[in-house]
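Two complexes follow with chain A in common, the first pairing it with chain B and the second with chain C.
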Partner chain A sequence: MNDRRALPAPPPVAGRVLDAGLDLLDRQILDPDGVPVSTVDDLELTTPDDPAHLDPEHPPVISALLTGPILLTRVFGGRLPDSRFIRIPWKVVTDPGVVLSVGVHADSLDASWTERWMRDHVIARIPGGRHDPE
Partner chain B sequence: MILSDLLGRPVLDDAGRRLGQVVDARFVLDGPPDGSLAAARLHGLVVSPHAHSSFDGYERTGVDAPALIARFLRWRARGSFLVLWGDLESIGDQVRLREGATLYSPRLSESEV
Partner chain C sequence: MKALFAVALGVLTAIGGFVDIGDLVTSSVVGSRFGLTLTWVVIVGVIGICLFAQMSGRVAAVSGRATFEIIRERLGARMALANLSASFLINLLTLAAEVGGIALAMQLASSISPDLWFPVAAFAVWLVVWRVKFSILENVTGMLGLALVVFAVALFALHPDWMSLGSQVLLQPSPHTDESSATYWYYAIALFGAAMTPYEVFFFSSGAIEEKWKPKDLTQSRINVLVGFPLGGLLTLSIAACAAVVLLPKGIAVQSLFETALPVAQALGKIGLIVAILGFVAATFGAALEVTLSSGYTLAQFFGWPWGKFRKPASASRFHVVMIVSLLAALGILFTGVDPVQVTEFSVVFSAIALPLTYLPILIVANDPKYMGDKANGKVTNFFGLIYLGVILVASVAAIPLMIVTGAGA
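Showing the complex of A and B:
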């Protein structure tokens, strides 16, 4: 039953196929200018109406990419509370390629707040930190 | 629902026999338009009877190098299969399949790799 060599190929599908672990998770997210936003730490899916009796006609879809401080849970196990994840809606994703491109600028996304905070409160106070190198 | 809540869940057939655990989820961009792309529909789950995770998807692609690592990872993922969303009965602490669920090869076609 579980001999993979004997298993049939799945029926063909019309759209592009993405395996979460291979094509989405841990991929870098870049904004339209190529500025790194974050990485994909997890995916938020729509929840089935009744998980005990799934509807074959209404599969979950990806509603958002999630990013957050997951290093400790990856090392020590456990699960980050939902509130600690930052959501990047799927609708802003423009190209799930080697990196995930999004159609909005990094500064408009909550996911890059640490970068902005570092820029405004630390880098800007360093002499020469407010302009490009000459 | 968060994807990592689904990964690692045991998968049982309709009789309650354990078939393995969820190691990955396959999505297809063929839903109604959602922003710039089509909605990413959950097409199915990749299940492995032995491994608790999949590393680099060696069992799903034609990659066979480095040879020793590829052999080891293919052996580790032996017996993996894809089960489509329509064959899932319920999702909870365990994922249970419907009676007569079809197990498909998890291998990606050349155009999908």
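Showing the complex of A and C:
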């Protein structure tokens, strides 16, 4: 796994090179207002037609950032049924910097449903929950 | 006055982190058993926490990233989850101890059983976390905590033999006690762990973001660290010195806050005692706030949730739910009937074990130009950072064996 010589040199690409493990995984995702959405818990790649022989012209690409319970299977192993996947499509990512910026609001994403659920069912019902601290 | 409040974050972090219930008790236990022989540990601890708190504050001000976000980005999900589990558990134990500490301090003032104070204290902590602005919270508790300076005043009023106190600092190991060397090192690690508890950096770096520090505030951050933590160290030492002067010669063992306050009562009478109790309440209350917030900060930063008191509770709902649940869990721990003082002593030693996983990522990110631009660590900071990482590693490996060998310092 650490034997880098066994890997062929990547084809030259225009633009920035990101290491998916280092620059994407476990990074914070922020919406346009700077509201945290989630952390990148895992990545979903497109499946090539023939996994045994990768076509260098059409490599697998990242289709979505994954979050939620997928973290547990990433850490402890196992497989998650597809219905439990929470995806943030790669096409909404606007800037992969120190944090990943997405171009849609946190409230419009499935990734923050627990935040909304806790807000509507718990926090907003406690007096003062919707006001700024004084 | 403005300049005084400008160092409030450092003072609160230090009063709450350094001089919390664990430290109030540990330092007077140490003072009553070892005299001032462990002074060097407090000094080493103060320098260490200054170094790393300043580093985490600088990372927060420059990159806008709080410590636990960095821990996850740099250690990966697996190691960060291990750190989170350990830190969160330690936080919970510490929170139970601090809420218990408020109750014990209130008991000293009111003679009402601590059992009745537990829920009141926990509710008061929640109310402040729920409704009070961060700046008010840090100013009020930080300033009230300064009442503990009464221990330094008491030390002078006791007219101790300064030569003999000085010789306790320098003569190693102390000729004054017959404690075994394993016990000596066990308490050395406890004091070191109490000085460098991870929740202090979680709180300090998250507080820097709550206060919206920017790179231009770096000087303020440095002053905060350099005023706050040494002040905490001085208060710790004066508590230990008071115990060394009054309790050690008479062989009085420290079992509760009452013995901690005893030297002040002897030196300054009732007024001194009242001020000391005020200081106890402020320090334990500040620590309880700090730990409650830290439990929310760590979990929210690990999972990437919205967090912070600069948001409305409704805009950081999971953060607030975590804090409510933590306070309830702490109450649950207290109502099992454990001694809050003992809980802190354990949590302090356990935090020594979790230290490396917290301080290594801070050191790595403080060197990363992607995060830090031209504000990355200099050679001198890195040199001391690495030395401290070595010390932290040794302390974390030695903590459990020493705990077993000494029967937790008995």
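Here is the rule we go by: the second predicted complex is superposed on the first by the 114 of 134 C-alpha atoms of A that agree within 3 Å, B and C clash if a C-alpha of one lies under 4 Å from a C-alpha of the other, contacts with A are read in each partner's own complex, and residues count from 1 in each chain.
The criterion applied here is as follows: contacts are C-beta pairs under 8 Å (C-beta built on N, C-alpha and C of every residue); 3 or more make two chains touch, one makes a residue touch a chain.
Remember, predicted model here, so these are calculated numbers, not experimental data.
Visitor: Classify the contacts of A:45 with the two partner chains as first (chain B alone), second (chain C alone), both, or neither.
Guide: After superposing on A, A:45 lies in contact with chain B but is clear of chain C.
Visitor: So which one touches more of the residues on chain A, chain B or chain C?
Guide: Of chain B and chain C, more residues of chain A lie in contact with B.
Visitor: Quick one: is A:8 in contact with chain B, with chain C, with both, or with neither? Answer first, second, both or neither.
Guide: Touch status of A:8: first partner only.
Visitor: Touch check for A:56: first (chain B), second (chain C), both, or neither?
Guide: first
Visitor: Should A:96 be classified as contacting the first partner (chain B), the second (chain C), both, or neither?
Guide: Once the two structures are laid over each other on A, A:96 reaches chain B alone.
Visitor: Please work out whether A:66 is in contact with chain B alone, chain C alone, both, or neither, and reply first, second, both or neither.
Guide: first
Visitor: Can you give me the overlap between the chain B contact set and the chain C contact set on chain A?
Guide: The overlap between the chain B and chain C interfaces on chain A comprises residues 25.
Visitor: Provide the residue numbers of chain A that touch chain C in the complex, in ascending order.
Guide: 25-29, 35-39, 41, 67, 71, 74-75, 98-99, 106, 114-116, 118-119, 122-124, 126, 128-134
Visitor: Please give the residue numbers of chain B that touch chain A in the complex, ascending.
Guide: Touch list, chain B to chain A: 1-6, 19-20, 23-31, 34-44, 46, 49, 54, 56-57, 59-60, 78-82, 84-92, 102-109, 112.
Visitor: In the complex of these two chains, what residues of chain C are touching chain A?
Guide: Contacts found on chain C: 63, 65, 69, 72-73, 76-78, 80-81, 130-134, 300, 302-307, 309, 312-315, 317-318, 320-321, 370-371.
Visitor: Give the list of chain A residues in touch with chain B in this complex.
Guide: Residue positions touching the partner: 1-4, 7-10, 13-22, 24-25, 42-48, 51-54, 56, 59-62, 66, 79, 82, 85, 89-96, 103.
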